[in-house]
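Have a look at this one before I ask anything.
Order of writing sets the chain letters: A, B, C and D. Residues in each chain are counted from 1.
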């Protein structure tokens, strides 16, 4: 229901040092009208310019706490709050080039009262600035 | 009707302001303030939406909450719980774990000063039964939300009715969502489908089939054979999630009904809900002696956010002007009252 | 009723013998011979099932067919067409391609000497319209099969009715499948679910909800919240594919009804169909002046093949004994007649 | 509806010469009450002892005509008849060992009047004999 707000404008950055760029990150929200325990965040798929990151390379930071995507199923004591801009970080040696990138984020959420997986997809063009 | 005596009160669920809260245009205090300012003195809160740090928001949160209730003249009428039965990967919670989860939310409701707790539809009847005496000790009522496409003869609700009738606990009952009384297809949904790429003949067939009480379950095959695209298939599926029931079906269950979620999708410029006939619903509630709240639940935002800036505040105000009219209250909420409130300076007021 | 004059005739669709034909226990000639031997003189054939080399089985096939009709005293009443709209990967056939496909099957029906052609449910009304005059020239009627969960107020059927009423072509109409009149949940289906691992409380709830005309569409969510396994979810879905309609609904459409597929799932030892009340259906057909065939369509095999050797022949014979009784014919088919037929020496006769 | 008849008993054989075994084959039926044009046979998945063959290694022979599985989408002039025992051949250097094998066959069929893919699955233990 909040798919269009998943990707936060103007948040795409490279990570690491200037002479050792190790990846990139961006701001992402849940497309849902309440917060959700992290064990129910089944997937966050980040696709940049058509290339989808492997799940092993993705991490999520909520209010200062960082988790590997692959560890989320076991996180029972932390939540992603409604509307909270979390940071999704992706390992990628060299990071992204400066300039515009096509960014797609697809989330799969396990919502107990729904018979099928929940979640949503957003697609925006973000510009990476130094 | 205007002079009929009744005890129905007005309230608002902060579900209504989800768009503005999500985007941090309104704070929780703004929600309370707005509710108080329109005479919706009974507020309903979704802890998992509005409480940072749920289920342990900290004492400061509760202190603020109590202060706001005092300051704006509001009371906490209801809280809405979720039951994450699929919290653990690969298995469903045991009934014992579910019971623990519900009791935790009952404790939160008690701390907030609520009277009623919305049990979400997937709460098993066995869990309602296991929590009844706990809720009773806290002075709370645990009310199963009857949300479309559920209804009082649905096999799941029949199982809940069996428990409620057998236990005769004062702590169990229903919280009907007025989205079970959608008399005509919501325009915000059909127009969104058109904008998303559904062809008019598909949208018209869905709307017409729904409005004529046709076989909406037959739309999926029909659309499939007509070569529907995914958006069109979506509107066929949506047609089976909407329901019309005669509002009088509530009368039989009135002893179990203690709180009402006044779902709405679009308050039009002429002051009525486009799809849900409150002018038919409210007289039934009066006739049945309902003495709880009408708790606004605005759910139009998701259907219009692609073309306009959502103005949930104005939509809720319009619904309350309608409530005042239908409840025979003096109409104190002027059209255009939104303009006076500085909090929403950047909100568009022309939702539609 | 026994003395009521009527012109209803008996026939059999070779769909009924699918298990034996699939396993090469019966040849096509065996099917014709069996039909003739039980007085089911009107035969219905599914070319795509029974014609090796379809759509070009060769002249020898048609010569044999004509000889068999002569030899066993039978006539070809109907053929069943399929419309493979998804024949080409990644796209749906154009209406023009569909029309070509249907005409090809009309030609085959004509060559077989049939009067009626079953148009499968996914045939668009536009294609029916485009084929009407072609069928009329061939002296054929193209009849849309109304199969559960479709019915005469289903949005897809309403579209077909619009074409039929507008065109007033003698070549278009309906072929109702009596599976639209399932009064109680077929026992062969519920028992199979139990054998496949459904727990009794789920099966009982599905059967009870169906039999009480409850909200079968609500079973999916109910079962989901009850923790259903895939077999249990399957029985919930199945419940929405079964339908009960009052048989009198056919009366209004009788001018369009020219052939009937007498679907059945289980003829019991006492000579009745467990789930479909033919004793209520046949009087309605007589009242409506129906003068076509009751064409047996046995569909129980798939539900029992896991535990017994299917004996479709005996099942069809039982249905025809019932037809004789309900149509007021002299009962010529003795119980146990199966034993005399050497063709089925290896077929078990105790289907149930 | 005829899932249990998909795999035909006693039909598992190696293919090729005695001194150059190139694969194996078995008899398979459609789980359907009518024949079907081959363009609508979307997949035939053969799994032996838990190992699923790549689609590139699978061929289908109906009444003497052999097609690669990957070519079936383009075959508009041939059908798999109802109840016809077709031969599914799988390329596999050295073939299978003599003795019993766990065999699973899953078919996906495109049936136009059904909203979801049709087909079926069968699982049997077949013994390969020399």
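The criterion applied here is as follows: contacts are C-beta pairs under 8 Å (C-beta built on N, C-alpha and C of every residue); 3 or more make two chains touch, one makes a residue touch a chain.
These figures come from a predicted structure and were not determined experimentally.
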item	value
Identity of the chain that, by mean CA position, is farthest from chain A	C
Chain pair, B-D or A-B, that carries the greater number of C-beta contacts	A-B
Whole-Å gap between the CA centroids of chain B and chain D	53
Where chain A and chain B are represented by their mean Cα positions, the distance between them in whole Å	30
Separation of mean Cα positions, chain C and chain B [Å, integer]	46
Approximate Å spacing (C-alpha centroids) for the pair chain A, chain D	43
For chain C, residues contacting two or more additional chains	85, 121-122, 221, 225
Sites on chain A at which at least two other chains make contact	113
Chain B - residues contacting chain D, complex	220-221, 224-225
Residue numbers on chain B that touch chain A, as the complex places them	15, 18, 21-24, 46, 48-50, 52, 54, 82-89, 120-122, 301-302, 305-306
Complex contacts: residues of chain D adjacent to chain C	1-2, 4-5, 29, 33-37, 39-40, 73-74, 76, 79, 81-83, 110-113
In the complex with chain C, residue positions of chain B that touch it	92, 121-122, 124, 149-151, 153-156, 158-159, 205, 209, 214-215, 217-219, 221-222, 225-227, 240
Parts of chain D lying in touch with chain B, wherever the complex brings them together	113, 115
